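First the structure, in the form of structure tokens, and then the observations on it.
Chains here go by letter, A, B, C and D, matching the order in which they are written, and residues are numbered from 1 within each.
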């Protein structure tokens, strides 16, 4: 089954998974020491840590599949913006704590559905990573969902801020459900689900939480795209990379 | 006269001059498109432009004096934080517009006094750069001083913000007047004035403007140091460099 | 048609400039305010995509060139606001309308600058497209606008040349630089074609504006002119053409080319471009954060004026 | 001395832990609150210099290790606030006192992290110094504090080993990495020596704290112990010693070393350290920006509780 797929497509798919966690992990790590309460500092560091761990697995496998001897670190620290394949939502600046948690929830919900399916992948390596990551994702979505509910159904101000965050972020969600040729090829090889098929479960989960949070999904059907295929990232990614990759760029070829 | 001085000391002196203008020019350029009024967008871009022009001259000469074939660009884009020799004040984040203009004024006033003396340098190359730069500095100090007066003696809020900016920045001013062995050597060779001798003229100029601005110089004698000798920069410089040097670090050896 | 209207149209037809104190139709005035204001806003918002790379300019010289360019653009904004003000609207009013989403700026600035070659492309392709528009507008019927265009065109041509020069360095540079150049060209091409507006068939304000010589050439004419001048430049750089539909048409002696995706164009205008939110958030924040500065300077100026009066 | 005081001191002298419900002198309580609170604040503020490099960690593994470390530190902050709360002060009260400048945190965090080797140095040298203090404090007389120390020491020792490992990579790496390591060592050395406080002769709280076993060893004893254990590690890395005054003293079987500049120490404590302003600005901003979050979560919890009561 998986044999029918050419390696470049699998490589691209793995980048999409790994860049999602890499970039979101980075954004979350920017919070270090600046959370509203100590318990959240711990939770955010923990989330970032899990995401970086998942990145090591996805990009590690990507490098293997590519077969050019690139390590997970090479892929993380030595590609420029156009070669990144994360969904746009994940590279947006953190905004306030509410926006950070709203994004986390919108992504965690996707991860938990996606990883659940990937555990059935015809590629055993993909299935194994998914199995490990899905435990973390289940914990993340519970926590971020809980916080979204608490803040959505909190004070007037916290409700307003969470609704604004949702309005801002929701047009970026659709990108996670649009299959292009790569996604289709990977789905046909049984390696991953067709992204469109995740939507129902996702909408149910997200709908449940947002409703408990007394928040409304904004109207409008426009979907921002361009991250997962690298066609057009936002201006924010380049700045993120200039921090993230600084040492590897300034002192190439060192061991750290 | 200048012959008595070893090149490394002259090199260090030139870095101190050039890094001041490089780093401040960079900070000012961060304002692009974000000033309170269009006229200030123009003025800030113009200031940054002049400072970058001065940087080209100072660091160009520094590279020449060093004699290792490093260009002004090499010095600007390929040194790490510890090799920078700018005064700490200039690498601090911009803060609000008031803080940016207050710093500009506190530096412009020093520049105008310093460059006036450097026009008498025994080193003709230094004197020539100073002559060119001092015209710009005279314009800058007039403009920034004018703005400091306008905002200091404006509304209650603008007064408060300017006083806060002054309180924050003033402990960094002293660094510009403390000679170390390098400064002393350069002064003894007649290349530059002894920094301590600038203080009287500086205090008179700054005192005049701050008094018109109805602002008070804060008490306390503590002086933040460590930038001009590179002993201890702030954490902000590294982040500034990760932006500024990104392309040269990521794509070494290219022509742009 | 009233006598006033007839007299006005006669002047326009005979290429006599309309000046601020002259009588003019209300719609002419409104259309001009919209058009000049939008142009002014574009200069201001246009600082942002370039500002995005000022802090990462790769050499001191490139940084200086870029700073000088954005300084010029802010200056263009000033001339244009002044030209619009001669029509009886203040700069602050126009800025407020922009921030409320009731006035527009050029949609091209809702596209991101993603690599350094984009900065060259903004000078070469974007300013290049602007110039095609603006050269035509030097003959526009409203005097202050026409004169602003003359001044602006000179500086813009300089920017376009500098942009092409910077872009050429990339196109003829390392493999990665060449890739940046091609990427920039591919991304910018269609948005630049959009700068001329929808096809004449669908253009809303076209006909009346032409009659009033607020507009001097049609959208499609200008677009064709731009394509014809730009393709040889692309070829000269040795880059791939950004549109497989581009081909020299012997018959009409123009390049054939594909139209941009007009759905995308209208999406961006409606606020769904890649950077609309960021651009407006930045501008509104700059304006709001700067309120205390404007208030402070104004209060000081008033104190000064009062002291002067008291001293007299 | 009252009976209560005598009984209390007897327990202390016999190494019987004082527990929250036991009687204790007001000064003992106050001193403990100050000391435990300061320690808790240090864990929280201590996230900032490390956070400064989390976004620039050079490999995924280093980033993960650093994230795990700051997570632990925030956890230590939690234990310690809890321990202090057993003395009748709330976490929020202590945070408020910190933000008003009425409580301190360890001065070491007022020094910047300027290169990547600093991150190794924070683990090795700073946590190393903290451990020397904390190992002694495992025997402190106040039960909750002593137990928190046991738990914290385990994790800190792990951090110190990881820090040394990261530092070794730098010391044994490229020329530039080695330079970073030496630079970090030189900058951090004296501030680390300051972590043990002024010389016993000048220490304000020393004697009474020793009698109460809030303090178990003197500042100078602890500092000497730290120097003695650290110099061989420096030598092993092949780095230059950061103080020319360091020399093995055969006679007393300890290293001689230079004292730090105590004027600098008191300057930093007074708020003039390189990062005091930044650290407090960051923490206060985090707290203030987070007010709506704490309020929102609290309001939600109350609604939930009310619903639960109503349902019963």
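By our rule, a residue touches a chain if its C-beta (ideal position, glycine included) is under 8 Å from a C-beta of that chain, and two chains touch if they have at least 3 such contacts.
Just so it is clear, the model here is predicted, and its values are computed rather than measured.
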{"item": "Shortest chain-hopping distance from chain B out to chain C", "value": "1"}
{"item": "Shared interface partners, meaning chains that touch chain A and chain B", "value": "C, D"}
{"item": "More contacts between chains, A-D or A-C", "value": "A-D"}
{"item": "Distance from chain D to chain B - Cα centre to Cα centre, in angstrom", "value": "37"}
{"item": "Geometric centre distance via CA averages, chain D-chain C, whole Å", "value": "57"}
{"item": "Contacts with two or more other chains, residues of chain A listed in rising order", "value": "80, 238, 242-243, 246"}
{"item": "Multi-chain contact residues (two or more partners), chain C", "value": "56, 176"}
{"item": "Graph class of chain-chain contacts, one of line, ring, star, complete, other", "value": "other"}
{"item": "Interchain contacts, given as pairs of chains that touch", "value": "A-B, A-C, A-D, B-C, B-D"}
{"item": "Contact set on chain A toward chain C in their complex", "value": "80-82, 168, 171, 222, 224, 226, 232-235, 238, 242"}
{"item": "Chain B residues touching chain A - in the complex, by the definition given at the top", "value": "80, 238-239, 242-243, 245-246, 249-250"}
{"item": "Touch list for chain D against partner chain B, complex", "value": "49, 52, 56, 111-115, 176, 183, 187, 267, 270, 272, 274-275, 277-278"}
{"item": "Interface residues, chain A side, partner chain D - complex", "value": "22, 26, 29-30, 32-42, 45-46, 48-49, 52-53, 55-56, 59, 72-73, 76-77, 96-98, 147, 149-151, 153-155, 157-159, 161, 243-244, 246-248, 251, 253-256"}
{"item": "Touching residues on chain C, where the partner in the complex is chain B", "value": "44-45, 47-48, 50-51, 54-64, 67-68, 70-71, 74-75, 77-78, 81, 91, 116, 166, 169-170, 173-174, 176-177, 282-283, 285-287, 289-301, 303"}
